[in-house]
Structures are given as C-alpha cells and as structure tokens.
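Next up: some structures, all given as structure tokens.
In what follows, chain A forms one complex with chain B and a second complex with chain C.
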Partner chain A sequence: MPSNEPHVPPATNKASASLPIIGQPSTRRTALKGAALTLGLAAFGKAIWPMISIPENVSLDEFLQQHYKELSADDKQKVFARLATETKEKYGAKVTINDQRPIPGVKFAYAINLSKCNGNGKCMEACNIENNHHRGVDQSYIRVLEMTKGSMEMEHGSTTYTHDVPQDDKFYMPVQCQQCDNPPCVTVCPVEATWKEEDGIVVVDYNWCIGCRYCEAACPYHARRFNWEQPEIAAEEVNPNQGYLSNRIRPQGTMEKCHFCLHRTREGRLPACLEACPTGARVFGNINDPDSDINWILKNKRVFVLKEELGTEPSFFYFFDS
Partner chain B sequence: MTDSKSTTSRKGVAIGLLIGGLTLAVIIVLTVVLSLGKRAAIGASFEPNPIQKNPKHSSLSDSSRPNHVLFPVKINRPNSGPRVDTDIFDNDGQPVTVSCQTCHATRAANFENRIPTDLNEFHNGLEFSHSSVSCLSCHNSDNYDFLKLADQTRLEFVDVMTLCSQCHGTQRRDYDHGAHGGMNGYWDLTKGPRTRNNCVDCHDPHVPAFPKMRPTFKPHDRFLSPTEPKAETHAK
Partner chain C sequence: MASVMESTRLNGEKNAVQSYPGFLWWALGQATNGSWKFYVWMFALTAVFLVGANAWAVQVANGMIVTNMTDHVSWGLYIANFTFMVGVAAGGVMMVIPAYLYHDRKMHDIVILGELIAIAAIVMCLMFVVADLGKPERFWHLIPFIGRFNWPMSMLTWDVIVLNGYLLLNLHICGYMLYMRYLGRQPNPSWYVPFVMVSIFWAISIHTVTAFLYCGLGGRPFWNSALLAPRFLASAFVAGPAFILLTLVVLKNVVHRPINDEPGRVLVNIVRVTILVNLVMVISEVFTEFYTGGGHTASARYLFLGLHGHYGLVPWIWTAIVFNIVAAFLFLSPWVLRYTWVLVVACTLAFVGAWIEKGMGLIVPGFVPSTLHEIVEYTPSLVEWKVTAGIWAAGMMVLTISLKMAIAAFTRHPTLEIH
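What follows is the complex of A and B.
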C-alpha cells in the first residue's frame, strides 16, 4: 500500500463509533492463532525498524538510540544530555532531563470529586504549563467535559462551553489518561514504544514512537494526543524540570499522554493539575499505603470508573459526595 | 484524513517507510486485536511489560520503605482577626483600623441582630447568606474580638476552622482525608511537607457558597465539539 494512503485502517478510524478493543468473546482456538500471528509480526516489526533509512532531520545519534528499556545508565546520561542540548538549540532554554523511576512499593491512583469540580479548567492550563505543551493549540492532557446530570457517557459531554460554571443542570468531568491496569493502548503499539511501569503509570518513549496513532484509536478514554506540529514554547516558559518519559518537549509526530506528572510524583510531589485545582476536587496518592487519602476514598466513597464494562481497570476513580 | 502527510515531521519518512512495510502486518495485528480482543493472546506474543495485575494486593508493601520522620502538614491560617477601617490615615499614610471591641466593649450584645437587614446603625451593607445561622452563633457576645463555639468556648479568629467544623462535620471529615479542600506540596510526607487551604480560603464565612467561575483556558481540541464533525478530531 502506498504510504500516502491513510494509514489508520477504517476499523480504527476515529469516525467509527465504538472501540471494541476488549471485552469481546473469543474462542481459545482463535486466541492461540492470534498469539502465533502477532508473535511473528512483532518480531517482523522489530526486525525491519532499524533498516529504515534515516530521515533527514533526525540525527544519527537519535536514530541509533536504543529503546529506553535497553539503555544502560551510561547511555541514558548521554541521551539525556543530547536532548538537553537539542532543547537549548531549538528553544533557547536550559533544561535538565532526568530519569525518575518508580518508587518501590508505590502504586499510584487518582480520584476526582465530581461534587466539587466546577469545570473551571485550571487543571488543563496547569498541565499545559507543567508539561511543556505546544502553546499554539493550548495542548493539554486533560479534557474537562460538561455533562448533563443523569448521563455518564463521556461521548455526550461538551468541552467547548464558555459560560460561567457550574451550571445547575450540569456536572463537570475531567478526563485524562486513566493509567489502566489493562491498557489497550499498550497492546496495540506495534513497536513497544509505550508500556506500563510498576507504579501503574503508562509511559511513552517519545524517541521510539513512530507516530502510527494506533494507541490513540485504541484508547476508550480518548486520552492520547498526537503532536501534529513541532511544539512552540517561548524560552522563558519552558519548564526546565523535565523527565525523559514525561514532560520533556516531545518531537513532532509522536504520541503523548498524561503520565501523572511522573517527574514530580516519583519525587513525592503532587501532580500539577491537582495543585492547580481551585475547588479541591482532586485526590492523588499511593493505594498501597493503607493510610493514604486515596485509600480512604476508595473505602468510604462510592467510587466508579469510566467504561468499567471494557475491563480496562483504570487507576483513575470518580465519586460524588453523598 | 491528512495524517500521513507528515513529510515535515521529524520522523515522517520513517513513519512512511515503516507504514509502507508494515501496513499489511499491522492491519493484520489490528484485525486480530479487534476481533479477539483477548489481551492474553497479545500479551503472550509481545511479552512487553509485566502489568501489575491486582495492585491492591501487591506483594510490594510499604515495609520496603524506611520509616522516615514525616514532614508536617501545614494548614493556612488567617494572619489575625478582622479589624474595622476608620477612613483615617496615620502619619505614614497607613490606614488606621480599630478592633471590634473598640465599640462593642461598651455596647450590649444584641441577639436580635441576625441578618444584615437587622443592622441599621453600623455594618450596613454587610453581605450575608449562610442559611439561618445568626451573627452571635459565631461571634462572641462577651468579646467581639473572638469567635465562640456552641458550648460558649472562646475561639481565636485564626482558629476559625474549628468553628466551621462543629456544624460541618462531614465536610471536615472529608477534608481530613483530602477529599475536600485541596492541597499543595507532597503526597509523600517522607519526602516533603504539604500545605492545606483553610475553609475560609474558599468560603467566605458570611456568604459561604463557592463562587461561580468563568473558564479561561480551552485547548483547541475539537473533540466532542457540537459544531465540528467528529471525524475531524485534532485535524488541523
């Protein structure tokens, strides 16, 4: 197929109404057949990836860069230093890129109190600033949906409201990556550029990502974003505290998503969107700690997850005060 | 869709080529994914990243972390009690304010004053809309420079949260568990401190309803927009 064809097969096109990735019955027989097939293709994908000629605007170093998980500590230092230099060249900003790793024993979860959220959108703005998002399109990993009371279908929500909030007949539901324990986006990635780490955060190696956008189509929460353009950020607005797997400036043509601000949260800090919330609707913490706020909420509030029927097992919860 | 017209993309060529080479393969992968849906099958083939299945029963426990001394949780407090402006300025041009007792020390408390319209001599224009709570169920009729609790205990203005909590126990319980009131700083107190808002940072004691807000930040994201067709999502 010529490469100027739309490369998203119709079945996963955004226009299709449902995303039947998981939860469909299959017999053991087809499952086994599928396993064999995908094994072959994954191997094939891996094998041909390095043989592709180097695009003009990609440095040899970058091209030869290994997958994040195969980088030694030494390699990482070199890669991070190179990326910092590139940021200096392109954006005029001096940044530090770190490799924050999961804290042993910690599993993150997030909860939002929908009785408090009033849809003001400060969380989206904080995300934009913290995570060095493209300023041109005011990119953010969060979408705040204005929902009609009585409905939980996120597809029926609206993001474009501009009136004073909250409106009496509405409630407001911020949606960002749900850090699923069964992440459909991870399984569809043909090059393993995205995976789930021990603390529950699903990360993307932006340098390994080929921008095919299958993950975007696979995510039932519409939580992944594609960098259509090279992000534009004024030098003085660049957040210099960066993580390789989180908020460093992403290259054009790659996928990205909320990573629970891992460059902050793996250092014990709260996510930027939580701190920015003027209504105090957001709760974040370690569910392995029985005394954490998040654990209290899971035990004492009637929490629910979005699209539970899909079996994605989000680490992201919602509740109303009752 | 114009998705693949990514020649300016840093990896445009790579994508193009990869897609050229892999389209067939990937279509099959996706078909399999879509028709099977069973992650077991795929997980087995990619063997990518061990997904921690049942995090709540994880074998990793907190005992693997040393028991550090915890950093404090600091709750914002008002700097001082309220004072009343006199419209007089001192020699440095600073406004002169007086304490509540300046007048109230010599005035008998008036328990009939419950809502602003009861006030005609002073404090006119005070806004009040806090259910039917009366002035002197919060203000201390023995000394107006203090608040008071239901059992008449005298309370400093800076400790106002104790006052709120006596009538709003549920909200206070939620607040104590982070489910109301927000916070800043560290979720992990072994690594750093945390600050919490005071009830009165968000609720005016006289008009406690949380104010309406006007959204100011909108990502240019056409997702779910009523005016744009869905298929155009993200498209430029």
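What follows is the complex of A and C.
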C-alpha cells in the first residue's frame, strides 16, 4: 500500500466525486468540507473587499518603483511626471516636482535666538503652507514649546497654549528636526527609506517608506510625522514648487519630516519658517562658509543643543542674547 | 503488523520526497475531521477572524487614522501584542530544554506541542507587524536582496531574520518528526537534533532581539534599560509555559487525550522560578525609577501613579501586578498540582498579567510623555481591537489544526515506539 494513501474506510458516497480532493475519501463529510471552504473563502473575499483601494490607488509603476538611490535620471523624470499627473488627478493642482541635489561643499545648520522668539507661531503656519501639509489638523514640522522661566525642563513646557504671547514668566523654544549628524531615525529604518545627505539634511523617500514608524519611536525630538490619512489640501492652496524628497504631497501611510526646505535652500533661498519669523530669532546658513551668519553665531554666541547627552550631534543650535 | 510496517517503511523511503505534500494533505484531511465541538470552535474562530480581516481591510483603505494611534503614541495594541507573542513563541523552548538537554523522556513525548505553539505564535507576530504597517503593499522592500535591507544597523531587520528563521526551524522540526511518525519510521537524529539545538539558542535570540528593538532607543528613557531583555525573557518563560499548561489541560479534559502528568509538573516547576525572577526584575526597575526620580522617570510615574491628571494606564498596570502576584502565590502553593482549576486560574492570571505588562504596560508608556514631554493618552480603537481579535483567532486556528495534524500522525501507528 503506497504510504501516501490514508487508512480510511472506503468511499461510500459518490456525490462529491467531482471535488478533486486527492487522497481524501469521497464522503458527505468531504463534500461538506469543500462547501465550507468555498463559503469561507467567499466570506474572506467579501471581508477584505475594502482593500480594493490598493490596486485603485497604487499603480503598478508605483508598486514596482525602486529606491530613490537606484533611480536613473530617466527613471526619475518618469516618476516625477507620474506623481505630477497623480497630483493633478487627486488634488486638481498643476505642480512641478524637481530633484534638488545638495550643493557640493555646503553643510547647512540652523540656530534659534531664544531671547527673541516670542512664541507667535508664524513659523508653524509657514511650514504648513510651504510643505503642503494636511490642512485638517494644522500639521507642521515645528512645535513651539512655551517654557517656564527658571527651568530648561521640558516637563514644565507646553505646546498647546492658546493665550496671547509673549507671557512675562515664559520663554519660547521652537523644536523641529535637528538634522543630527548621528541620527537615530536613520539607524533604525529597516529599509533605508531615510538617510542623511551630504549637506546634512535627513530626507525620506516617501515612495519607499513602509510606514513601520520605528523612526518616529527612535527620534528624541518628536521631529517625525506619520501620514495617518491622505492629506487634504484645496487645489488653490497647493504649493506647486515641489521637491521629490521634500514638500511634494506625501502618500497616506508614510513618514515625513522637516527637510530644511531643501527645495528652497538648495536653490539659494531661505527656509519658509525663517522668512515667516517676525522676530528675527532664526538664523540659517552654510556652516562651511566662514562669512555666513550661522558661523558668526557659532563663533560669538554660547550655543547649546537639545539632549546633548544622547550623542545625536544636532545641526540645530539654540542661544540667548548677551 | 510487522510486515505492514516494513512495507510502509520501504515505500516511505522510496517516496519520501514526493509524498511529503501527500502527507501534509492527508494530515490536513484528518485535522479537519472532528466532533461537533471542534466544528463549533472552528466556526467561531472563523467568524472572529473574518471580522478582523474586514477591519484590517478598512484600515488599509482609510489609513491608520482609524486606529487611535497618534504622532505621540505611534505604536499601540498591534506592537504590544507582537511583543507579547514573541515571548509566547520563545516560551515553547521551556519544553525543548528539558526534553533535549535533560533527556526528560516524558517531556520528549509531547515536546512537539511547544514547537507547534511557537509556530502559531510566530505566525501571529508576523500578522501583527503587517497590521501595523502604514504601507503593507510595500512589504517587499523588507525582503533581503530584493528590497533594501538595512542590516546590520536596524534592529528591525534582525527581528525579520530571527522571527522568520525561528518559524522555518520549527516548521522543519515539526514537519520532519510528524512525517516520520506518519511513515512509521524512526526519525534520524542527524535530521532534527542539530536543528533542535539551534532552535534553543534561536528562541532566546528572538526575544532578546525584540527587546533590543526598544532598549536601544536613547530617546525613550522608559525602554532604554539594560534590564529590558532579561525582563522580556523572564516574562516569556512565564507566559509561554502558562499557555502550554492551559493547552495540556484542554487536550486532557476537553479533547480527552491521555497525557502523562509529569511534563505538566516540570512546567509548573519552571514557572515557579521564572515568575519570581520576573517579579524581582519588576521591583528592581520600579525601585530605580522612583528612588532616583527626575524627568527620566515621567513614564514610570504615568504608568503606576498617573501624571498631571492623566491616569489612562494606572488601572491596567495594577491589574497586571495583582494578577502576577496572585499567580505567583498560586503557582508556589501545593494546590496548583492538586486541583486542575487552580492550575487553570494560575495560568490564566499569569498569562493575562504578562500580556498587560508587556503590552499596554511597556509599549504605550514608552510614548507617554512624548520626547518633548507632551502627554497624549492612548486607548485602542474598535478597529484595533477587531484586528487584534482576528489575529488571535487566526493563531488559534493555526494551533488547532496543527495540533490535530500532530495527533493524527501520532495515532497512525499506535504501537510504534520512537526513541
């Protein structure tokens, strides 16, 4: 007797002979099992039917798209054109998506004068508009902490203040991506969807990120954001000047973060948050340029970085006047 | 009988490779036969699983916004369950060690139970990770050589390797042993003993790597403790054996399989030690946090006492602590070996206690307060509960079917003595 034949009583019911269950007795039980399996599969199909949105929203080209670093110039042009078309279809806005690369020899750094910042929040508004953030939740890459004078302990701070600013007993500390030289978010990413570029900016390939949010857990500065839903922006509010690694509208389910407005700064302009700041608290520039403002600050002010003990080596500095 | 067995053996050798799928098909056929109790059980699990599958599909379509996770608490119920199930999978090794390192004959007879539980638990782990992904259709980016695998830097890539490796090891060991049973042949030790030995170290590694996932993050002081990996192992060696003991009770009293009491006693004695080791570690960690004080202990204060008017996790953790302490007393009492109901209560309390402690009590407070000391609380949404229940149902289905496959293979040649 061949070993793959079961030790079972001979078949008594031919009703299910049409079911091709090899090596199984053709009994009523087998027929019922087949029927139960069919019903179960049908119910499963019905249950996961909402997932039809994946093939509807994710084209084959997008599904198969390679990592940013593996795209040739030709590939990039095709990808950018596809993304622009999709933005036109979904948001009704005509946009151009570019691939601004680091300027050789440039390393960016940012500094904030905590004596000047008064917590007015214009930087957050500018970030929201410039970077095509989801409008529903006033998303921004910046959080402004209202800190109690006499303490640098963040536990005594608040980001949800709504009263007039500045308050006499408070000072204000904006926090955004610190563009660490030793970024924990890049270390932990399992798929290399985020990396540090030569000019110091940590970027995300939104089309490669799998949305595991490990980087969000790893970041000590709450600098990363997740797209919990598809961003909603009115067509006339979409910023059409977009970068692939920066402010293009991000897909639902992926991570994003402050990129020092690289689509502006790599073209010689200043970050949107700096331009919007009415107090002049923000200083941005090329740390390798001896004549830059940022270099003057680092040389002449006593600056500090947040959570220095973690060894993240931020490119983002804070200082006070006098 | 001898001649039948002989011919089976010869044919088996000839057809060994071709008939392995045949064996699986046969075992699956046997495993789907059963009493009305079995069909009711499977029907109920299928129903729960379908609810979960539907909830997950809704989550994929509408985005993770349907969960209650936020940028502040960015991991929730899924990762909590994932972490716990890694422990249950690792806990199966507490049958393998007595059976293979201490040559406990009676444990050896049922050691496959621990390995099958490990398979079901790992399947659940993988499902929980996929449920947590914002872009599940991009899972292929995580496949070595096809995607971009950030190994060895990212601890998550290590987890991908050790979890899938552990799954394959146990699939091989269980598949081989059961196939030999089915053929009526003596298993060849060189085909499984080396794999079993590797699986012992591998079991330790899956939970160590999973702890490293969290304790390597300097920005999260609540997790950034060298005690995390040892604590994970200790609680895994409580939860794993507790689940095995419950399964043994079910097999004996509901399915009426004749099972020797000795392996159960060994497992109870193991839990008697591990449950105390776990409690000592919890006390050690709590002491360090509260005696030192300061900003780094804010998460522990939030978890145990509440922080600035937020008490979301306080009932959870005190429930877990009460469960763990009561379970410890029950396990240390003589009644746990005398009365089945005491054993069932003790195991249930220990299992649920570990689930809370490793899940809501470990993952969530790591995010509260946030790294900028904002306090945003988290309670899972209905969708999260549905998906979680669905994955548990799927895991129980995998376990039920694989156990029945094992029983079918074991009872095929009842007189066969495997040494």
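In this section, the second predicted complex is superposed on the first by the 262 of 322 C-alpha atoms of A that agree within 3 Å, B and C clash if a C-alpha of one lies under 4 Å from a C-alpha of the other, contacts with A are read in each partner's own complex, and residues count from 1 in each chain.
We take it that a contact is a pair of C-beta atoms (placed from the backbone, for glycine too) under 8 Å apart; a residue touches a chain by one contact, two chains touch by 3 or more.
Just so we're clear, the structure is a prediction, and the values are computed from it rather than from any experiment.
Of the two partner chains placed around the shared chain by superposition, neither chain B nor chain C is touched by A:Met152.
Legend: residue contacts after superposition of the two complexes on their common chain; A:Pro220 is shown touching chain C, with no touch to chain B.
Once the two complexes are laid over each other on the shared chain, residue contacts for A:Val165 go to chain B alone; chain C is not touched. Judged by the touch definition given at the top, the superposed model places A:Gly268 against chain B, while chain C stays out of reach.
Looking at the shared chain after the overlay, A:Val305 reaches neither chain B nor chain C. After overlaying the two complexes on the shared chain, residue contacts for A:His67 are found with chain C alone; chain B is out of touch. By the touch criterion stated above, A:Trp208 is placed in contact with chain C alone, chain B being left untouched. By the touch criterion defined above, A:Gln252 lies against chain B and chain C together after alignment on the C-alpha atoms of chain A. Of the two partner chains, chain C is the only one that A:Ala193 touches; chain B does not reach it. Under the contact criterion defined above, the residues of chain A that touch both chain B in one complex and chain C in the other are 1-4, 6-7, 21-24, 30, 44, 48-49, 52-53, 58, 143, 145, 154-155, 157, 159-160, 184, 187-188, 190, 192, 210-214, 218, 222, 225-226, 228-230, 251-254. Residues 1-4, 6-7, 21-24, 29-30, 33, 40, 43-44, 47-54, 58, 63, 67, 143, 145, 153-155, 157, 159-160, 175, 184, 187-193, 208-214, 216-222, 224-230, 251-255, 307, 310-312 of chain A are the ones touching chain C in the complex.
Chain C contributes residues 4, 7-8, 11-12, 15, 18-19, 22-23, 25-26, 29-30, 32-33, 46, 50-51, 53-54, 56-58, 60-65, 67, 69-72, 74-75, 129, 132-139, 141-142, 147-150, 153-157, 160, 182-183, 213-214, 216-220, 295, 298, 366-367, 369-374, 412 to its touches with chain A in the complex. Taken together, the chain B residues at the contact with chain A in this complex read 1, 3-6, 8-46, 48-49, 51-56, 58, 60-65, 174, 177-188, 190-192, 194, 197, 202, 210, 212-221, 223-227, 230-231, 233-234, 236.
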